[in-house]
Amino acid sequence: MFHHVKDLQFNARVSRPDPYFANLLLEQFGGENGELAAAMQYFTQAFGAKMPHPDKYDMLMDIATEEFSHLEIVGATIQMLLKGVNGELKDAADQSEIMQVMDGKAAKENIIHQALSANPQFGIITGGGVTPRNSQGIPWCASYIHSNGDLTVDLRSNLASESRAKLVYEHLMKFTDDPYVHESLSFLMTREVAHYKMFEAALNDIQPNFPPGVLASDPRFTQQYFNLSNGATVRGPWNEGEMPDMGKEWNYIADPLAYVQDTQGITATDKTLDKELKQAQKLDKEMSEMRSTEVKNSEPEGVSEWSNYNAPKK
Amino acid sequence: MFHHVKDLQFNARVSRPDPYFANLLLEQFGGENGELAAAMQYFTQAFGAKMPHPDKYDMLMDIATEEFSHLEIVGATIQMLLKGVNGELKDAADQSEIMQVMDGKAAKENIIHQALSANPQFGIITGGGVTPRNSQGIPWCASYIHSNGDLTVDLRSNLASESRAKLVYEHLMKFTDDPYVHESLSFLMTREVAHYKMFEAALNDIQPNFPPGVLASDPRFTQQYFNLSNGATVRGPWNEGEMPDMGKEWNYIADPLAYVQDTQGITATDKTLDKELKQAQKLDKEMSEMRSTEVKNSEPEGVSEWSNYNAPKK
Amino acid sequence: MFHHVKDLQFNARVSRPDPYFANLLLEQFGGENGELAAAMQYFTQAFGAKMPHPDKYDMLMDIATEEFSHLEIVGATIQMLLKGVNGELKDAADQSEIMQVMDGKAAKENIIHQALSANPQFGIITGGGVTPRNSQGIPWCASYIHSNGDLTVDLRSNLASESRAKLVYEHLMKFTDDPYVHESLSFLMTREVAHYKMFEAALNDIQPNFPPGVLASDPRFTQQYFNLSNGATVRGPWNEGEMPDMGKEWNYIADPLAYVQDTQGITATDKTLDKELKQAQKLDKEMSEMRSTEVKNSEPEGVSEWSNYNAPKK
Amino acid sequence: MFHHVKDLQFNARVSRPDPYFANLLLEQFGGENGELAAAMQYFTQAFGAKMPHPDKYDMLMDIATEEFSHLEIVGATIQMLLKGVNGELKDAADQSEIMQVMDGKAAKENIIHQALSANPQFGIITGGGVTPRNSQGIPWCASYIHSNGDLTVDLRSNLASESRAKLVYEHLMKFTDDPYVHESLSFLMTREVAHYKMFEAALNDIQPNFPPGVLASDPRFTQQYFNLSNGATVRGPWNEGEMPDMGKEWNYIADPLAYVQDTQGITATDKTLDKELKQAQKLDKEMSEMRSTEVKNSEPEGVSEWSNYNAPKK
Amino acid sequence: MFHHVKDLQFNARVSRPDPYFANLLLEQFGGENGELAAAMQYFTQAFGAKMPHPDKYDMLMDIATEEFSHLEIVGATIQMLLKGVNGELKDAADQSEIMQVMDGKAAKENIIHQALSANPQFGIITGGGVTPRNSQGIPWCASYIHSNGDLTVDLRSNLASESRAKLVYEHLMKFTDDPYVHESLSFLMTREVAHYKMFEAALNDIQPNFPPGVLASDPRFTQQYFNLSNGATVRGPWNEGEMPDMGKEWNYIADPLAYVQDTQGITATDKTLDKELKQAQKLDKEMSEMRSTEVKNSEPEGVSEWSNYNAPKK
Amino acid sequence: MFHHVKDLQFNARVSRPDPYFANLLLEQFGGENGELAAAMQYFTQAFGAKMPHPDKYDMLMDIATEEFSHLEIVGATIQMLLKGVNGELKDAADQSEIMQVMDGKAAKENIIHQALSANPQFGIITGGGVTPRNSQGIPWCASYIHSNGDLTVDLRSNLASESRAKLVYEHLMKFTDDPYVHESLSFLMTREVAHYKMFEAALNDIQPNFPPGVLASDPRFTQQYFNLSNGATVRGPWNEGEMPDMGKEWNYIADPLAYVQDTQGITATDKTLDKELKQAQKLDKEMSEMRSTEVKNSEPEGVSEWSNYNAPKK
């Protein structure tokens, strides 16, 4: 159950209207890396996490709720950046001033002209208000979020999401010199870093957490690096020497076409790996049983009930 | 700023897994008439309402927050209806039972078979979890919501949204006989009716509220009903007698093609309407000024600040 | 069966090219509140209405056809506002003038420069023509329309659609001072008001029409107003006194968290409502039977045939 | 201006309900190759064609209007195939029969069970009605249509569209044995062939019509066939001998990588083509001037007016 | 299996940054008629063609691979046109210069200002890089491509796709005067013409290839032209005289409404066509058997294997 | 420049048709975590990486090309799983067998029935072929991919993408018992793990790489954990003790509402952090200069040229 408090989590202020920046800022309201995307990603992940991992559920809900609160900060800022637009639109019978503006005569000073140039829908659809779309008008879409029912995967998705969100705030900060707005962006950007660290700590808390999911990798196909893009080839730690934390060496396939031909489409592989393959399969079974049992045991027999209204509260 | 309480607003319970119904119920999680759509619609409308109409802002935020709380109820119910799927997926190394199921041998009893039939992504993408998509897998999209910066329009959008949401719950109730789920649906359906009444009361509270927006209708084009679909024509209160609450009569154009030809594309209209047209234009000006002033006066001079942390709290 | 007459319903004219306004006007061609959306909404609703409600079917088809005719007016206006662009594009071998324009040297006078600034696709995709997209290039999408197989719901969706369409025309009128275009917009805006009144009359003609759909609301959950957004709380007719036309009082829940806790997730409700609940259930059954019979009786036994070519025509 | 006649263009009939086929048929109502796509494609193309090519405008509007009429036939058929569903949904208080069906006990005979399996939204969103979505629930989208302001391109788009639409009807005919439905599909499929021939005749009527658009191809890059997919290579009329109607031979580049290297990225090409290149550029200028003049001359000076209400009618 | 060579197929060069043109050029990277669309269309068609038509499979894969190579050329050009943007964004702590630019003081000379105006996401999302979206920010979408499992249809889709792509390059060439970019565009435009000719030759190579698909048209519905758009009617080769290559005459229906009424919805058609109908049905059967056998015979019995690693290579 | 070799990278084989699994497998052809998404993500990232990081460019292109090769393996497998469908569709004149199947009489044995149930478009749109859509028919969309012009961000996006792709293959392996298909899936799943390790090694190779982007986090907002989701609260390494690799402690805000109130919306923060803030700002400037210079220096003066055809090849 949610509850709303009219105070913003951060004291968002705006020195003066700036519809142009309002439009850029829409990226973080209704864009692919924005606050709604973050909030909905962690919120949906939380449902699946609740039973087997009530501690991670608590964390995901805490952060999801903070992201909803950030969504509100971003929306409030956009609304304040559009001050004047709605009032001007309500003066519906009078178009004289607007038309002057459209001719460029009064453009510099006129907010409504800036609003229309930045985003036509500010003037004709949203009435100078906020909308869950990005800076080019694309409606927010649930394809932006990832929730896959496995914490070793979900938490990695979150590390990537926080990284992108941080970068977008960093970029946005270059495009406003309003010190109040700058401070709000600094707050929001930094919270993405803080969340990153929370998710990193939570992922470390699950062991083993690699590979993501349950199954081990197949030893026959794990070590090859295929040099499929020729020209000036470069070697680096991603294709020579040791694989990170794997106890294995990279196997650099310099001529992948010949390799594929020679191995009959990689089906005729090294027999010495057979033993390792069997071990991997054994590990897969044990891991499967462990993870499966963990989930199944956490689910109640019979009627499911989400909340326990008699539980002692904090 | 949002706050989350782990108790659900309504005590959602589920008697037994039912992936088939879980998929239907996705309509109200991530569908066009679902709880996320309602929550986001009222939430975005609230930003624009805050300044000129703090009372309506309060109402919109109250209801938006309740819709977020309903979203949680729906998600929790879907998650409980999918009990067993995630655990089964975690048993990744063992496919024997699944394949039996795929052949239909154990279909009746097997949850994972039902999950895959109802929604392939339950088995391969969401890991038996909830996702903001509808019953056919379409990702939730911000095109579902309407927020137009004018309360006489927004509140009417909300009356329509609540009507559709109510109907979808009504339909859903036919497809489950789980008494716990039925009770949750009855709660959710009824709340849509309650919200409808809140929005109706709020709309009545704004006077005048018709036509929506600011401008009056143009008297030259207001009264015609064009009979553009011939065959067996029917007359009814929508094309004969008095227009509702308008003090005018319908003007039934039986042969629109001839009418358009005769009136030079409706530009050669009745001269007797000229006086009425002038009155409408005068009214437009007054109304424009009133509504425009109302908004402009509510916006602060200088720096905008969303929250006042020193204000006395309720 | 449709028929097309080359005359426009309204005599759309344009004084001079204005690609900038052409782009804004796309909102009403291919936007969420535009004429295509209206036409397709009423057209699809008409199919379901035909059998039980031939009179409403007639009205829906009349208005749908008028909206298709308005779509043509909007398209013709956009095309005329883009005069010159296509001809310039056909001069494909010569880019000298364009490049001058791109440098801003001849910008003010040059239509093609305006066209590209307003909408890049005018210059490179549509060849200076009309396209069912909105002012930001989003392709029209059937998610914009609502057709739910129940007239008490569909007609309410239509009241909202007409309200939004009216407001968008009102906004658009502020951004052109071409008197011909202004007159066309005034016509189109006013027709939305006229349609509103038609739908209102049709909804009144169905009794009872509340709640939308068939089922009554559950008396246990109907009256509560949850004060979920705290801070400066406001009371108004939407949360105190009588609910509109319900014969009931609002029940203001000042502290929803405590209420939910106390009522075990609102499952432990007032026993005095049991009698009312039984009455509601009885009413539900009667209403269900009535509405179901009405539809079933209107459907033919055996072979279905949509048209009767031997019926006497008006 | 459109007009609607209640008679369908073809006498669509249905022997018995078949929700499963109703869902397949949605492809031609709201799918990528369906009637709405065809109607909107030709309708939008018509606007641009009107001025320079009033004869092609007439043809495009005739066919667009026929496609709207086909859309109605498809919609009517879907509605009749869903007979019974809406009536059953209206029986909202009674779920006993449905639940029996859900258990499979009465599945064979029960329409609503088929409706839900074929398309969950038939039962919970559309109320057993038609919707502009495809057989998998994807909302119709304007990305399906092409209108590029050049008839030599648009007419080729139409030949492709008609080909795909014809094929889809052919496929659909395999999945129904209702003779009435079969007859309607045969009508609709055949009309696509007829339209194909109309567009072909219209394209032939424009000379020259190749290459599409205005500019000639650059002789330096016209004749090469790059053998970029090696393995078992095949030669055929598309890479050896004469290019169709071009008076040129294919130039088969057996080893594209070496060729690109040798020609410095195809910039060091055969000097003997210089003369041909100059000729092409001269032709480009002439063609540009001709096509540009054609369009510009057809556009009126001063005020644009779409219709002439005083013109003599056919 | 794909292989990448770092050399571009064409030596793409750029004289100076031009973010404005970079945005226009996105149409051919991630737009509906762009290189990704072409590559994916031919690539997916190739899978179905492989078995019955290995020669056409070879051609489709050759051209698909060339289109991927063109995608790389377009992407490289966009990246070079955005030179400076990414470096400027990395100077994240310094916003002084940007803000000067935002005020228009240094606008003419400043790349980042142009980048933001042309496409806000260049500055805040892509970091001055390429993205599979169009010039208005719409993400590339698989609805752009057509692959229907029938070469007589697919090749016609390709003729249309190449025509549109050619036209877009023609349009783009008007908006840059960079001679290097112009040359790359001339190369890319011309290759579309060359591909057109390849597809034309391949279609001619299949006989019969009309109507597309397998079934003949129904003689009862083939010849009518419905004059559904009245006003000034025009006759032309698409509605009078002989149908192209059909050995039949157009049947011009001047008054379609009366015709439909008289023929009972076109069900009461000319009895003299019965013989022709029977012949068409006989032809359908023969053609069906032939085409069906062709495909079935090409598919292996038992285990399917895509590649034969022991086959002799070219 | 790309080159295609007809041999698949892995020897994909299929024991018998299985349209049901073909549909599930579409997730990895045209789904959000599939091979096209991976290929396009790394391909677009490569453009931006080329100049400052030619070694990472080489790696990204190698892996992108491998993903295109995997896309081909997945497509080939789907095509083989649909063996028989296209041939059956070509038998267009004969529907007898299909109808038998539709009645369920021959369902078990019949491929086309399975194809239609699994995915209606297999039967009516794709002709039994592959299509870039997911298992529920959603067209592939560029919103799935992330390319942000900063390697510390892009590589983290890739770690998440590979994690999700690995999990989806793991899930898919549960739903087929065809040993050949199983082997292909094991190959594809394992390659995702190998790519994960490559990206991890590449990210480690960039120092410093945290926070992602350029700017340091703001010390005033870095350490707080907001306990926004109350009920049973849990403490763990994500909200108590040391933050991972940050040299700082978590600051657990048990009552965020009071905290926000007390700190005036977190603007009145600890003065002791001022020194740290100044240091962060100094670091920001240095880092900005370093990263900006790195990019700018790598870009050529004057004309940009992507390839150097005279460079010595590997």
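In order of appearance the chains are A, B, C, D, E and F, and numbering begins at 1 in each one.
Operating definition for what follows: a residue touches a chain if its C-beta (ideal position, glycine included) is under 8 Å from a C-beta of that chain, and two chains touch if they have at least 3 such contacts.
Treat the numbers as computed from the prediction; the structure is a model and nothing was measured.
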item	value
Minimum number of chain-to-chain contact steps, chain A to chain C	1
Same-residue or different-residue interface between chain B and chain D, half as cut-off	different
Chain whose Cα centroid lies at the greatest distance from that of chain C	F
Chain whose average C-alpha position is farthest from chain D's own	A
Chain centre separation in whole Å, for chain F relative to chain B (CA means)	33
Mean-CA-position distance for chain E and chain D (Å)	12
Geometric centre distance via CA averages, chain D-chain A, whole Å	37
Two or more partner chains touched - positions in chain D	1-9, 11-12, 32, 61-62, 64-65, 69, 89, 92, 125, 127, 136-139, 141, 143, 148, 150, 167, 170, 173, 213-215, 228-232, 256-257, 260-261, 264-265, 307, 309
Touching pairs among all chains present in the structure	A-B, A-C, A-E, A-F, B-C, B-D, B-F, C-D, C-E, D-E, D-F, E-F
Chain A-touching residues of chain F, taken from the complex the two chains share	5, 7-12, 32, 54-55, 58-59, 61-62, 64-66, 69, 141, 143-144, 146, 148, 150, 152-153, 156-157, 159-161, 163-164, 166-167, 170, 173, 183, 186-187, 189-191, 193-194, 196-202, 204-205, 211-215, 217-218, 220-234, 236-239, 243-244, 246, 256-257, 260-261, 264-267, 311, 313-314
Complex interface listing, chain A residues touching chain E	20, 23-24, 27, 31-33, 134-138, 167-168, 170-177, 228-232, 256-257, 260-261, 264-265
Interface residues, chain F side, partner chain D - complex	1-7, 89, 92, 95, 98-99, 102, 116, 119-121, 123-125, 127, 136-139, 307, 309
Touching residues on chain F, where the partner in the complex is chain E	1-9, 11-15, 30, 36, 40, 43-45, 47-48, 50, 61-62, 64-65, 68-69, 72, 75-80, 83-84, 86-94, 125-133, 139-143, 145, 147-150, 180, 213-215, 281, 284-285, 287-289, 291-296, 299, 303-307, 309
